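Consider the two complexes below, in which chain A is the common component and chain B and chain C are the respective partners.
Right, the complex of A and B next:
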């Protein structure tokens, strides 16, 4: 019975190590990292600490197994020996872990500072925010600064859950919350920051690869927390500018989208296909040109 | 450790067996399938006073015409797409089936009555679809919204309320959900129309007869009658309010000033939105609670208040505590129906009927240019000094030395 328990404890070691080996073999590992140096150094720290704690884990578990096996009550008939403790041993097992922890603490200082303390600069000044993200139950509301580059002015652009950023450039997010704690989590950029009601927290990252990624919420915020996910779209600068331009047109739209469609559809189909095609394209261009006129009026009269 | 017999293995086996037994003894009982709830506030309302026998008949008719939450059905005259409704209806299976229960039911309720389990904690309450009244749409007063209006609401959400944005759902999922909302709304409206027929006593004599169950009555009189649900929903597309061109000085300071004049004078906005547009003017009840408010007034005016009060108390059990319509604080920059200028135009022109916001489109002496100026004023309000919006002050730190 006793030996059975010691084997059981040894299994913990095997399963623990085995899980990681299985993960490494089948590619079940961290999410794709599309960030910059800070993101990679976070990954490096993760692996370093994993290896370090892994060694300690195997060591302690094997020792535990050994003692359970060697001194099992059924097979070991020797009487118990009592010791008054070993001062040397106690010093050893205090100093060595303390030194290890101190080492880890110092080793990670630079990465922490880069990720959380050194706000990005542009031209000698603090960089202006690229976007203001406000967490709300259960979505991410976005506010872009618009043409003037200043948040809080009349030309700000609003969207929900669909955060676009340019690739290869530093992005500064001004993180707020409208109601309760939320967690702004970009797994692919190794960014995680709680959105605290009443605070405006700067979060920065540099995405290096185009694509669509998730923005899950990493802090329990209510019944909908499990499905609170936004979408991060990393795209070229040109596509990003186009997205903002489209957003601006949509936001200043004085023509409902279905009205433009109706204008195109209301031309009756008559005569030859060529005539119909030209009539339809005429209607569409009339629709869009009126749109353009309105938005250009809106631009010039600002 | 519990010892059942001397040998440890024996103990282990017996212990495990007992644990397994206790785990599975309660059984794998599944809860019964959900059912639609009757609109008791209207059925038991002293104005209508539908007899229990006829209440049961209404329930049976609705079961035949619309099916159950797990197994929906629609008549072709409703114009609804049953395939899409089936995707949204029924129990949740992964993320592709049972979409309404996956995303909507906890607020909007299984019958679309706005009384789901979380509804009580929300301000404002979730929408009650059963009257077919929606706030943010492109059609006049009591008309239902268009399909596009509902798609827009799902995609953008309603900022400032608990209605989230479902922009990240696929187009087909949104279409299925919108179809299901229309289904629940039509079902609720059919119920009300049946109660109306009971009251009118035109097509049959309720004292002596049961509800007719002929196709003639159910389809032609109820569904396709002049105020029938199918008629109303079919007409919405043709009743969309036309949005005229804005004036040439739209989006200028002069336009904002003209809008301010409209706000304080002929728009009549100050009465509810307050002299500083903070929403601190008068409040009125919202139309979804009209029955209960009218009953409260009746109770107050009647000679036997106690007796009627019992009845209204019984009705209130089937309703959320009634709230008044709060006029919007216009300085917050939160536009529930959307911040695009044409959306604001719709709100002003048509008003928001169920919240008792009057539309100024038909006010004598009001031109559409005036309404556009007012739109400009409302879009500008949150940026005026008195609206307390602070720009990102802490982000503009003074320049510091480069190390």
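Right, the complex of A and C next:
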């Protein structure tokens, strides 16, 4: 039976490699990448480490198989080696992995810095946020700076769950949360950042391909976590500006109560923030799969 | 010889007539202070919770594969309209699956069941240093059992903000139904688990330092004991932080403090008091819970080392490097918690330092794998059931260890954080790793616990199906790149819709995995009563525990064990047999072989 079990352990190698090959062949793997160099270098790092760990995986699993096969007590005629180890081997397999791991650690620092540390610049200054995204159970509230380009002024434009950005340009999101933790996640752009109540966190990315993508919530935020999905619309500069202009016209006709409240809160001079009834009620059971991408705002205005 | 302590001698004397006095049923089997009975009590309790946790996982998997369809059996308990599972119930189920598995199964089965049963036997002591404290450590688990079980039935249901219970979702009662009452019970249950663990860990440390048999030097201890010792140290240093964090969240919930709630929050359209910081909870929680990951794997590593050396009939390869690797994992384990928080909003510069320390913790794990392979090299391997599970542990730990490198790499973690890649990783470590090791340990030490052997054939059937099914469950999760965790229905994210067939395959495999445990349950209970009786040392192993009667009586040894060598001298040229018990006096007519590692 020793041979049978050895082969079972060898199967792990084939199954592991086969699963990844199946994924690569059928597309059940990395989602389409429409990001800039940073997003691509994340994919590159992933594949680089996949190859590196793949080699170690195959090497160790096959060694395990070979030792089980070769030293099966039923067939191995030689006496067991009375060995307590080897200093030379121990030093080898300490230094080689240590050097490799240190290399991986240093190799990726640049990508990390590009993704999370080097905030984007415009004309030599820190860039102003393109949009403010606020997580709320269970929707993404959006606030564009409007004509003056400054967030928190009267001409801000509001929307829900429908984030429009221009293609090929750096987008800087100012990420907030109104209630619990949320996770701003753009699978196609390899972007993820938790929205933390009480903090304003910058998130930046540069989408390179026009289209509609998902903004799922990645951090557990309650029963409706699974359906807290926004839409990212990447479009040409002209279409983006038209969208903002339309939003302005729409908003000047009717201001939904929650948007008025949010605008009032952000201007300290104005009076006390009053609690207004919101469009969404809280914890109710929702078994059916309702699509939340059409916002309550859009409905109000029609 | 000089290592025996005065306290230990006094203890020996006080138990000299231990067999003579009779005990009532209650004090012998229920409120027992005997470490073996307490260990077996822990074993039974945790195995029952293991079954409950497994069924919770099945319900979760069912919902992922076939969203909003009727769940067999469970739909009677958690039916929403039309018999489907409600999303509130879903969040509750995965929260409780993880909480049960981590706090009521893995931690207590390793430290509580095996730590208790093995430590005194393997070091040649008659019992723990503090038997009453030991009994208390078991009985402090019961409030936790009752609180967690009861939390399913309170208004709003059990806790539902994940086993990590991130604030402010968990610390404010209006954020989710489970945060209404269930979260309070969850916090109180965990405090009880913590008290139990702390009682256990001081006991283990004292026992291992003070009560070793004459001749049992620290470097003659089995690796199981080294792992238990270092785990106890980890527990003792990390637990106070968790207890503090749990108490703070409890105060946030009950007394209106705001440790984890910032200023100006509106939850469910109500303003809440603030002044705190949600990230503080994450730092405090992971400062315990990352070392806890090693608390959940190190004892399994130790037990697997003992099993592999025994059935390879060879000394363990690189004993001292193995000890240093355990210590290295434990030491580094305290400075890597930030890798759970790379995308949390923590300063990205801090992420870099945590990334380097996390990369480095892969090193001692790699050293351990290489040494296990070295132990198999040149052996005379016996493919017994415990050996299959132990080798399975090594094979699976390679996968779990390697996939950890991906998430240690900060840029990749941005993408894979909170996705199924993470789920695959930690299930490979905790299920395919630790649970395989635990199964191996149960099959291995069962004869010592009950004086009977488990059935080998059915043990191998159990291994075969478990091994295949678990790989079918957890390996495909690696290719579900980007699919978010904790989603009741992934259909809402269009980019992941085509993953659904893989999710269904995983769920079907999970059903096979849970079903194949029936062979274990039947084998386990049948063997307790009807398994073949065995003598003291059925596996021809070297450890001191195999020199005591099976099962050992009160006071363990019917002689005073004196130790002459380490526990791994299999196939030593000093003796004719292929094993060489630690307490067997060396022969006078043969040259002695050095215990030191070769060059």
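We adopt the following convention: the second predicted complex is superposed on the first by the 246 of 302 C-alpha atoms of A that agree within 3 Å, B and C clash if a C-alpha of one lies under 4 Å from a C-alpha of the other, contacts with A are read in each partner's own complex, and residues count from 1 in each chain.
In this text, contacts are C-beta pairs under 8 Å (C-beta built on N, C-alpha and C of every residue); 3 or more make two chains touch, one makes a residue touch a chain.
Note that this is a predicted model, so its numbers are computed, not measured.
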Contacts of A:63 with chain B and chain C, given as first, second, both or neither: second
Chain B versus chain C as contact partner of A:252, first or second or both or neither: first
Partner chain in contact with A:79 - chain B first, chain C second, else both or neither: second
Chain B versus chain C as contact partner of A:181, first or second or both or neither: second
First, second, both or neither for A:229, with chain B first and chain C second: both
Which superposed partner A:111 touches (first chain B, second chain C, both, neither): second
Superposed model, chain A: greater residue contact from chain B or chain C: C
Contacts of A:137 with chain B and chain C, given as first, second, both or neither: both
Set of chain A residues, in rising order, touched by both chain B and chain C: 1, 137, 223-224, 229
Complex contact set, residues of chain A against chain B: 1, 121, 124-126, 128-129, 132, 137-139, 141, 150-154, 158, 160-162, 174, 200, 202, 223-224, 229-231, 250-259, 290, 294, 297-298, 301-302
Chain A to chain C touching residues, read off their complex: 1-2, 5, 8-9, 12, 15-16, 19-20, 22-23, 27-32, 41-42, 45-46, 49-50, 53, 56-57, 60-61, 63-64, 67-68, 71-73, 76, 78-90, 93-94, 97-98, 101-102, 104-105, 108-109, 111-113, 115-117, 137, 178-181, 183, 185, 187-188, 190-194, 196-199, 201, 213-214, 216-227, 229, 275, 277-278, 282-283, 285-289, 291
Residues of chain B that touch chain A when the two form their complex: 8, 106, 118, 138, 146, 148, 156-157, 159, 162, 164-165, 167-168, 240, 242-243, 245-246, 248-252, 339-342, 345, 372, 379-380, 383, 389-392, 394-397, 399, 402
